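Once you scroll down, you'll see the structures, which are given as C-alpha cells.
Two complexes follow with chain A in common, the first pairing it with chain B and the second with chain C.
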Partner chain A sequence: MKVIIKLIIASLMFVSLQTQAVLDIKISQGVEQALPIAIVPFSWSQAGNVAPIDLTSIISADLKRSGRFDVMDEKDLPQRPADFDAINFGDWRKLGMENLLIGNLSLTNSGDYEISFRLIDIYRGKQIAGFRIPAKPDLLRRVAHQISDIIFEKLTGIPGAFDTRVAYITVKKTKNNRIHTLQIADADGYNAQILLESPEPLLSPAWSPDGKKIAYVSFEAKNSAIYVQDILTGKRERVSAFEGINSAPAWSPEGSRLAMTLSKDGNTEIYVMSLFSKTLHRMTNHGGIDTEPAWSPDGKKIAFTSDRSGGPQIYEMDIRGGQPKRVSFEGKYNTRPNYSPDGKSITLVHAVNGAYRIGLLDLSSGYITTLTDAKLDESPSFAPNGGMIIYATTGVRGAQLAAVSIDGRIHQRLGLQEGDVREPVWGPFLK
Partner chain B sequence: MVNIVKAVAVDKEQVDKELNRLKEQDNKKIEEELKRQKELEKKAADARSKRLAEEKKLADITKKKELQEKKRKEEEVRIKKLEKEKKELENKKKIEQEQHKKAEAERKKLETEKKKQLEEQKKKDAERKKKEEEEKKRLEREKAMQEQLDAELAAEQEQRDQSMLTKYISLIQNDIQNNFNRLGLPEGLSCVILIRMLEGGKVVEASIVKSSGNDLFDRRAETAVYSASPLPVPDEIRLFEKMRNIRFTFEP
Partner chain C sequence: MFMRFLLVMSLTGLLFGCSSDKVKEDQPVAVEDLSSQRTDGSDDSNAQAYGADDSSTSGFSQLDDPQSPLSVRVIYFEYDSSEIKAEYRAAVEAHAAYLTQNSGTTVTLEGHADERGSREYNLALGERRAQSVKQQMMLLGVSSSQIRLVSYGEERPAVDGHDESSWEQNRRVEILY
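After this line comes the complex of A and B, so read on.
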C-alpha cells in the first residue's frame, strides 16, 4: 500500500512538473577530478583495548594511492556518525562531500572478527554499498583492501586492484657480498614475504595467471636458468637451463606456456616453451637481439624488444609465426614491453634525452606518452585493473618501487624496503 | 271546274261513275250549308257569354278598388305608426351613439396619452442606450489602447527576460559543468535529469527521467546538480518562476 501511494505521489509530482514550463539546459562538458570521500574512523567493539588493525588508514592510503580519490583529512570531519541514522547530510553537503564511509570492527565470540561498513552517497542520501565480512585475525588487512576495492569499483566503475600482490627482487649489500631475494608483498607494500634468497643475481620475476606460481631467472648455478616456483609450498622446478642466456620468462594468459629468451642456437631469440612437455618453439630468427617477450591479453600476439632496426624498439608478432611488425617509433630507445589488461596499449621504458622513463604506447595511434620524469625508471608492469603501473626508480637512495596512474597524474613511492628494489611485477586479481 | 264530256268511247260503266260523282257533289253542298248555320248560332252564343263576363269583370274591379282603398288607408296608419317607432328608435340610437362616441373619444384620448408616454419612454430609452453604447465604445477604445500599450510593454519585458534568462542559463550551465566529474566515465552516455528549485536556487528535487543505463553516470550527473546547488537564479520572483523547473541533458 505504501509503495502504491508513493508511486502515485511520484507520478503526480511528475505530472505537475510536466505541466509547468520547463527550461532545457544541455551539459556537454565536465571536469576530471579526484572523487571526494570521507572515511569516518571505524568504530571498535572493545573500546578499552587497542584495535587489532587500523582499517581506516589502510583504506584511506589505498584510495589516495590510486590517484582517483580525494580523501578528507580526519581532523576536518564535521561529525563521526556510527550508523546511517546519525548522519547529518546537510553538514557534509555544505563541505561538498559526495561520499561517506562508515563502519565497525567487532570481536566475535569465537575470537574472530567481523567488519561491517556502508558506503553512502551524500547528495542522494542513500547507501551505495553495504557489507558485513567475517575475518580471521591474519586476514584483516586483506579485508581492508577488499573494502577499498568495493569503494573503488562503486565510485569509478572499474574493479579495484588493492587486494592484489606484487613480486620484486631486492639486492642488499653486506660486507663481503650481495644478497638477492625474490619477494612478494601486498599491493601497498605490506606483508612482504621472501620466496627465495641467493648470493647470486635473481632476475625477471613473472606471475602465473592464477597467481599461484612465479617464474624467474636465477644465476645460482653460475649460468642463468629459468625456474618456476610454487608460492605456497616453495617447491620449484628448473624449466630452462640451456647453454648461454636463459632469461625473461613470460606466462601465456592461459598459463600452460612460457615465452622466454634463449641464446642456445647462437643468437638471442624468442622461444615459447610448453610447460607440460617442455618442448620449445622458436618464434624469432634474426641476427639482432630479440628479447623481453610479453603476451597480449588475448594470447594471440607476443611483443618483444629488438635492435634489428639499429636501436632497441618494440615489435609485435603473431603467436602462430610470421613477420614481426615494429610498433614503437618515437625516440631511439624503447624496451621492456608490458601489455595493458585491455590490450590497447603497452607500457615500456622510453629514453628521453638520456633519461629512462616510463612510457605508455597507444597501439592504435603509435603515440608514446611519458608518465614519469626521473632519470632511471625501469620494469613497468600494469595493475590488473589497468589503472596503475608499478615500476622501479633509481635515485640517490638506490632503486625503489614506485607507481604511477595511467594518466600520469599520481606518483607514489613504495619505499618500504631496505636496499635496492628492482623489477616489480604486479600480480593478477586474487581469486 | 268544267267537265268536258268526251264523245268518244262512252260506255255504261263510265256513265254510272259520272252519275255517282255528280250525286256525291250535291250531297256535299247540303252538308256545308248546315255547317254554316251551326257556326252562326255558335257565334251569337259566344257574344252573349262574353258580354256577361265583361259585366262581371267590371263589378269585380269595382269591388277590388274599394278593397284596395281600404287596404291603402290601413297601410297609411301602419306606416305612420312605424315611422313614429322608427323615429323613437333613431332617437334612442342617436343618444347611444353619442354616448359611445363620447366614450370612444375618452378612450382615444387615453390611448393617445399612453402612446405619447410610451414614445417618450422609448425616446428616453433610445437616448440612454445611445449614451451607453457611446460609453461602451469609449471604454473599448481605451481598453484596446491599454492592451496595445500592455502588449508593447510585455514584449519589451519578454525581451529583457529572455536576455536575463540566457545569462542565468549560461551561469547555471557553467556551474553544473564545473561540478560534473567525468573521471573514468565511459564515453557516449547521456541522461536527463529534471530538477525543481526553491526561490534562491536551492535544488529540492532532482529526478532522473531518462537514465543513461549506467548507474555511476547517473549518480555523477545527479551529484553535479546537487553539489552545484544553490544554482545562480534571479532574485525577481517573476523571472525565477520561468526557470524553477529545469531539464538537464548530460551529454558529454
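After this line comes the complex of A and C, so read on.
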C-alpha cells in the first residue's frame, strides 16, 4: 500500500510549469458613468528596436476590465504628447477628456529598464501623479499593473488590485480520468503556472497572508489531506492527514495558524492548528456539520458554516472560544463565508429558490444582497482591495470564473480555453 | 451455506426492525415485510443499473450473485439529507449480514454529494451519508474495524450533468468491497 502511495506522489508534478492556458477576461457589464481616460502610447528610448513590452495595452486592458474606466481608442487621440509641456489642453477638453496618461520606457546603461509616467487632470491642467520606476526585464509586466493600481487609486479613491494574483483549480476530463491542477495566475489571467497536477481531486486553495504559500486539500492518498506548498520552490508539507475529513484550510491574518475542518473526532468540527508546533485547538463541538472556517481580518473571530439549526447557515465565534452566534438568517442555505478586508461584511453562497448565488451579508444589519443571477455560483473570494468578488459559475459549458463588484454593478467573465475552472481565491497585495 | 445466509438475513431483519421502528419496539417484525422490501429494492432501476461492477473476491461469492440484495452497491439520498430511504434497507441489511458472516472482509463506504452549493459543505455532507450507512451496519452487528469511510463530496460525480436527474444519481454512498 505504501509503495502505491509513493508511486502516486512521484507521478504528481510540483514544478512551476508555464502554461499556455491564459484566462481571457471580458467585462460583461460595467458602471454607467465610467471615468474617461486617454492613454498616449508609451514612448520607447530605443526606437530602432521593438519595445520589450507593450505597457500601454496592459494598462489600458486593466482599466477597461475594472468596469470603472472608459479608455479612449488610440485612433481617436487628438495628439501624442511625450511630456507635460507638449500637452495641448484645449484639444483634449473639446473631446470631453478628463484624464490623460503619458509615459516613457527607456533602457538603462546596466541593461535594466526605467519607466516614467505622468497622470494628468485635463480640466485643472495639473499633474495628479508622476513616477519614475526602475525595473528588471522580468518585472516589466508587474510594473504595468502597478501603474494601473496608482491610476485606479488616484481616480477612484480605492486601492487598485491589478498587481495581484489569483489561485484556482482546473479539471480536465480525459477518456477515463480527470486531471486536476492547482494553478496561479496574474489577476489579468497572464502568467498562469501549474503548482500541482493530480489524477485525484484537489480543492480549497488558500493563500498565506504574505502571498508566498498556498494551502490546499488533495486526495492523492485516497483520502483528503491538507498540504502547504511554497509557491517559488514547489516544496510542500502535509500538515494534516487524520482519519476522516481534512479540509477547508484558512490562514490566520498573521500567518502562523491554519483553521481547518477535521472529522477525526466523529464528525466535522473546526480546529485551529499552529503551523509551527502542529498542535491543534478544537473550536466547535456539535453533532451537526461545522466547516468552512474564515478568519475575520483582525484575527479575533472565525466565521463558519454549520447546519446545527437544520439547514446550513453562517455562524461567528470568538477565537478564544465561547458560544457561536448565528449571523445569517435570510434564506435556507448560506455557506462558504469569506470576510471583506474591512471585516464589515461576509460574502457567501446564498440559495434563492433553488438557485445558488453569490451573496453579500452586511454584518451590522444582517441583510443579504444577492450579487449574481446564475444558478450554480460558488466559492466567492474578495479582492484584497474589497472592491470585487471573484467566484466560480457553472453553466452549460462547465465551470468558469467570474467576478462581480460589491455593488453588483460590474460583472466580469474569466474564460479559460478548456475544461472546468473553479475555486478562485484572490491573493493578497504583493509586497 | 445458503440456508445459513437466509437465517442471518432474517435475524438481521429483526434487528433492523427493532432499531429503526421505535413505535413498535415490542412487536416482532414480520419476516414478510423484509422480503417485500427486498423485492422493492431489486425493482429499483437506479440501484440495479449502478450495481455490481466490482468484485475483488475470487471464485463464486454471494457478492457476485445479481439476484442477491448484495448486488445493490449504491445507496441514493435526498437533497441535503443523510437519511437512508426505506427502499435501501434490504440492501444495507444484506451487506451487514455478509460482513458479520465474513468478519475478515472490509468494506469502504464512499460518500458523495451533488454539485449544488459549496464544495466543503458537500464534503461534510458526503461523509455524513457514509456515516449514516456505517451506523446502520454497526447496529446490525458489523464491527467498525471492517468499515472504512471516505467522502469525496461533489468531486467525483457519477454523472456529469447539471440537472436534477444527474444530481439524484450523484447524491450517493457507494459500497466498495
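In this text, the second predicted complex is superposed on the first by the 393 of 431 C-alpha atoms of A that agree within 3 Å, B and C clash if a C-alpha of one lies under 4 Å from a C-alpha of the other, contacts with A are read in each partner's own complex, and residues count from 1 in each chain.
What we mean here is this: a residue touches a chain if its C-beta (ideal position, glycine included) is under 8 Å from a C-beta of that chain, and two chains touch if they have at least 3 such contacts.
Only a predicted model underlies this, so the values are computations on that prediction, with no experimental measurement involved.
Chemist: In the overlaid three-chain picture, which partner chain does A:V228 touch, first (chain B) or second (chain C), both, or neither?
Modeler: A:V228: touches no partner chain.
Chemist: Is A:S247 in contact with chain B, with chain C, with both, or with neither (first, second, both, neither)?
Modeler: Second partner only, chain C.
Chemist: A:L376 contacts which: chain B (first), chain C (second), both, neither?
Modeler: A:L376 contacts chain C only, not chain B.
Chemist: Quick check on the superposed pair: does A:Q33 touch chain B, chain C, both, or neither? Answer first, second, both or neither.
Modeler: first
Chemist: Just checking: does A:Y356 make contact with chain B only, chain C only, both, or neither of them? Give me first, second, both or neither.
Modeler: Second partner only.
Chemist: Applying the document's definition of touch, where does A:E98 land relative to chain B and chain C: first, second, both, or neither?
Modeler: In the superposition, A:E98 contacts chain B only.
Chemist: Does chain B (first) or chain C (second) touch A:A294, or do both, or does neither?
Modeler: neither
Chemist: Considering the complex alone, what residue numbers of chain C touch chain A?
Modeler: Touch list, chain C to chain A: 80, 115-121, 123-125, 127-128, 131, 149-153, 155-156, 160, 162.
Chemist: Which positions of chain A touch chain B when the two form their complex?
Modeler: Those in contact with chain B are residues 13-14, 17, 20-35, 68, 93, 96, 98, 121, 123-124, 128, 154-158.
Chemist: Provide the residue numbers of chain A that touch chain C in the complex, in ascending order.
Modeler: 173, 201, 203-204, 219, 222-224, 244-245, 247-248, 261, 263, 267-268, 289, 291-292, 305, 311-312, 333, 335-336, 349, 351, 356, 376, 378-379, 394-396, 423
Chemist: Mind pulling up the chain B residues that touch chain A in the complex?
Modeler: For chain B paired with chain A, touching residues are 165, 169, 172-173, 176-186, 194, 196, 205, 207, 209, 214, 216, 219, 221-224, 226-227, 242-252.
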